[in-house]
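What follows is subunit A paired twice: with subunit B in the first complex and subunit C in the second.
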Partner chain A sequence: MGIETENKEIEIGIRENAKKLLSEKQVDVVIGYSEGTVPLSSTPIIIRKEEDVDKLVWNNLCYINIARYLAPLMPQLCDSEGNSLKIGIVAKGCVGRAVNILATEKQVNLENIKMIGFNCNGNVNRSRIDLEIGEKEILEILIVDNDIIVKGKDWEQKFPYDEYINELCKVCQVKSPSATAESCVGECQELESIHDEFADVAEFETKSAEEKWAYIKEALEPCTLCYSCRQACPVCYCNLCFVDQNLPVWFGKTTELTDVIIFHLIRAFHLAGRCVACGACSSVCPVGIDLNIITRKLEEIVKKRYNFTSGLSAETVPPMMDFSMDDEEEFMLEED
Partner chain B sequence: MTETIVEEKKVDEKWEPKIVAFLCNWCSYAGADLAGVSRIQYPPNIRIVRVPCSGRVNPYFIIKSLTDGWDGVLISGCHPGDCHYISGNLVARRRFAILHELLEFFGIEPGRVNFMWASAAEGERFATLVKKATNIVKKLGPNTKFKKEWC
Partner chain C sequence: MEEKILKKDEIGKLYSEFGSEYNFYAPVKKKGNIVFEKIENPDDIKLDYLNSRIPPKSILFPQSEVLFEYSLDEKDVEITDRQDLDEKYMILGIRPCDAYSYVLFANFFSSHGNWKDEIYLKKKENTTLIGIGCNTPRTTCFCTSVGGNPFNKENMDVFLRDLGETYLVEAISDKGKEIVKKLSWLSDANDKDVKKSQELAKQAEESIVTKMDVDKIVNTLETSFDHPVWDEISEVCIGCGSCSYLCPTCTCFDVIDETDQYEHKGRRIRIWDTCQSCLYTLETSGHNPRDTKIQRCRNRIMHKFSYYPTNYDLLGCVGCGRCIMVCPANNDLRDHLRKIEKIEKKEENVVV
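The block that comes next holds the complex of A and B.
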């Protein structure tokens, strides 16, 4: 079955479920994805009326994690008194995970949320396609059979789909949300254990310290500290981010390499055990920095140390909110 | 800070690391005190900052120290289970574990940032571990990766 037909099926499923939820008054609004205004993108949309559900789409360009709009809650999702409306959310696997994380952190109330689940089939790696297309203008993007066809004024280029999806989608194990039955409609799975091999991280780890530093330096060099990655991240919801604190100023705001690396290092640290591996940060990066390897490393650390995969359930306490007497402490200095 | 740079350049073989040590008020700081009172010799490379608990040590402190030009960071707290605030050091331990792995992942030498436990009765242990940490940082040489140019 081609990607095309899969997408159509998913789209129909989403629309049917959204329509059902709205007509039965189970939800007041549905957040989902709609056709983007420019090629290679999609736009989040808030649906309030049944007849608008046909605006919802699924086209492998829905790279934004729409759980971002739940914490802090957008004004559009509140009633006149500022209370949360009943929200339906079109949830691919990582959106479901983010909702669960937000629920464990008491940022959302799962009672107000219905997830419209489906089996996500991955997202196109925009920055990679952008890079290969170069300066040419993209007018249209189509997915036919298992190819991504990018069309311009008088040119056309073909990319194999399996190769040109996000790196994180390639290794993704959580294709659909795993939520309790009450909060989930459509295809939702119970995901008890996830087997992840982390071969990519292991490969990176074979490098020497100098090589790693050189790699990180080169990768982060173009960063302009625009904080797009932070804004797109579904679990970065602090009122005052550490980089914005000015009493005291912890870190410089220049684009000097030290400041850039520190921003990414501390942001990664804050995401330990919380990152849901949606890849939104890399997808929105205007200079195309690939942060996936850091994301993967975080997943590996919490899996290895605390046997935890973020966002699989709203009940498990995340490792950084917890402690235990018998944690590993091999990194501590000890007398010989 | 400028003086330090000049000094380093002049006497390279005589270079001594400067290490900032965050010691918890209840165990390690008292441990350091005991080491001093007992006349136990340990390297003078550490500069001590007293913090209420190892759980108070924000990772920013560690990173900020490195950008400000310290060659190493040492963090010491009560042994697990002995924390004055019951679980501060257990929370800190998880944080340090992740920070330690991330620093290594980013290619910072893992020996730059050291963690240890020392109780108020362990002056001897405190001195030994400070010696060990100083030797580790000495072998790594001056901190150049994170240091800001103006420091």
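The block that comes next holds the complex of A and C.
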């Protein structure tokens, strides 16, 4: 089955489930994706009425992790008293993972949430396509069979789908949300454990320390500290981010490399055992920064050390929220 | 004929002519993005671009800029002012929309009572703009709705028009006339060149598809502060600052002191700030008059399309469409303005 056909089926499934949830009053609203107003984009949308469900789309450009609207809960998802509405959420695998993480961290109450699950077939790597097209305006994106067709005025370029999806989608093992009791409708799967190869991390690790450092420095050079990566992250929900602390100022606020690197590395550390590998941070970056290799490394460490993959269930306490007297602490003394 | 012709392969000669006298900036391609950078190798200059990702406001108003340095002991503080304000800048290849943003900046930095921002204004005074017409506006561009034009040469010193193989060169200001005079090697343009440039300008203007009645929007906004439209507009905003950081007219900044306690010295730095940040209006008391996303999204639009026209009789938007291109949630300014355009103005709500 071609991607195009798959998308159509997914889209129909999403709309049917959304319609059912709304008509049966199981939810008050459904958050999902709608067609974007510029190519290579989509707009998150809140559907309130049954007749609007046809605005929901699935087109491989749905890169925002819409779980980020749940914590902190956006005002449009609350009733007049400030209590959470019953929310249906269109959930690809990584949205499902984020909802579970938010539930284990007591940021959302799963009783108010219905996940509309489906088997995600990936998201287009928009920065890469943008980069390769260069200074020509993209007017239209189509998925035909297994190709991404990019059209402009008097030109057309074809990209093989499998090659031009997000790097994280290429290694993704959690295509749908887990069938967490009661919260899942549609195609949700049992995901007790998954195996992940981390070949991408192993490849990066063949670089020398200097090469890795050079890679990070080069990647971060264009950063404007607009914090869209943090804002797009479904699990970055702190009331006050460490970089925004100003009494006292914890970190420098300039765009000098030291300050920029501190923000990005510390944000990455805060995601250990929490990152759901959705790639929203790199997809939304206005200057195309992609440092997912760092969160992948953290994912690998957590997997190897604790046999834990974030967001597979809403019950298992993530390792960084837990401790056991038997935890190994060899890193306290040993040098690498 | 006053207009001259510059061959495309002679762009490097501009740099060799002025590169030593001026800090010579031009668009270059860097990791896929077009950015304005100080040129070291004229081969890097790229003038056939759509628009730069980061606006050239960053040349005269860098994201972080040291205002002065200081040393201090228990008794005294000694301030070292900037020594580089007499340096000259030449910016090649700036688009009309971005050039207009410099006018807004100069206005902002000189219109607060008697206080003038010496640092910005001096740099602006020492800047020469060699702008270029915009042959291919994007579908997200709407400069013609906000009083601009893809071939507006008003705010330039010298204006180039891309004719395919060559550039038509026109001196606009006195400063520009001096510059063109120095380029004695330029050949004269003929009527055909001028005619071609006029056709290109017409085509460019006609290719702009987004059209809005901005006067109506400005007028409607006067009475729409509490309108429910803001709930809708802010709905999917994720609260990052990319729209304002990459906006050529956003002037807001924060000021911080970085003190080195051991060396007894420090520097005062001006850093871009954004009204989309929750800290932006946070007061010392802990009160925040704009503590929700709805209020912050409203402020961005109000500032550009209501407060600016009211306070300065200018529009605070140049129609470059950058915020539309970069918004992570595709929260499209054009849609917002169209929604506002449709609001029926209620006269009784006018605040006098």
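To be clear about the criterion, the second predicted complex is superposed on the first by the 331 of 336 C-alpha atoms of A that agree within 3 Å, B and C clash if a C-alpha of one lies under 4 Å from a C-alpha of the other, contacts with A are read in each partner's own complex, and residues count from 1 in each chain.
Definition applied: a residue touches a chain if its C-beta (ideal position, glycine included) is under 8 Å from a C-beta of that chain, and two chains touch if they have at least 3 such contacts.
These figures come from a predicted structure and were not determined experimentally.
Asks: Given the alignment on subunit A, is it a clash or a fit between subunit B and subunit C?
Replies: These partners fit in the superposed model.
Asks: Touch test for A:Ser42: subunit B only (first), subunit C only (second), both, or neither?
Replies: Touch partner of A:Ser42: subunit C, not subunit B.
Asks: Quick one: classify A:Glu328 as touching subunit B (first), subunit C (second), both or neither.
Replies: first
Asks: I want to verify one number. Taking the Cα centroids, what angle sits at subunit A between subunit B and subunit C, in steps of 10 degrees?
Replies: It works out to roughly 90 degrees.
Asks: Just to be sure I read the superposition right, which of the two partners does A:Val95 touch: subunit B = first, subunit C = second, or both, or neither?
Replies: In the superposition, A:Val95 touches no partner, neither subunit B nor subunit C.
Asks: For A:Leu21, select first, second, both or neither according to whether it touches subunit B, subunit C, the two together, or no partner.
Replies: neither
Asks: After lining up the shared chain so the two structures overlap, which partner does A:Glu256 touch, if you call subunit B first and subunit C second: first, second, both or neither?
Replies: both
Asks: With the two structures laid over each other on chain A, which partner does A:Arg68 touch: subunit B (first), subunit C (second), both, or neither?
Replies: second
Asks: Does subunit B (first) or subunit C (second) touch A:Leu139, or do both, or does neither?
Replies: Once the two structures are laid over each other on A, A:Leu139 reaches subunit C alone.
Asks: Would you give the minimum C-alpha distance from subunit B to subunit C, in Å, for the three-chain superposition?
Replies: So the smallest C-alpha gap separating subunit B from subunit C comes to 5 Å.
Asks: Would you tell me the residues on subunit A in contact with subunit B in one complex that are also in contact with subunit C in the other?
Replies: 252, 256
Asks: So in the complex, the part of subunit C that touches subunit A is made up of which residues?
Replies: Against subunit A, the touching part of subunit C is residues 29-35, 46, 48-50, 53-54, 63-64, 136, 138-140, 231, 235-236, 238-242, 245-246, 254, 256, 258, 269, 271-272, 274, 277-279, 292-294, 324-326, 328-332, 334-335.
Asks: Residue numbers of subunit B touching subunit A in their complex, please.
Replies: 59-60, 63-64, 67, 80-81, 87, 90-91, 93-110, 114-117, 125, 128-129, 132-133, 145-149
Asks: State the interface residues of subunit A toward subunit C in the complex, per the touch definition above.
Replies: 36-38, 41-46, 64, 68-69, 74-76, 127, 130-131, 134-137, 139, 222, 224-228, 230-232, 244, 246, 249, 252-256, 280, 283-284, 286-288
Asks: Where on subunit A is subunit B touching in the complex?
Replies: Checking each residue of subunit A against subunit B gives 204-205, 209-216, 242, 250-252, 256, 258, 261-262, 265-266, 268-269, 272, 294, 297-298, 301-302, 305-306, 319-320, 322-325, 327-329, 331-336.
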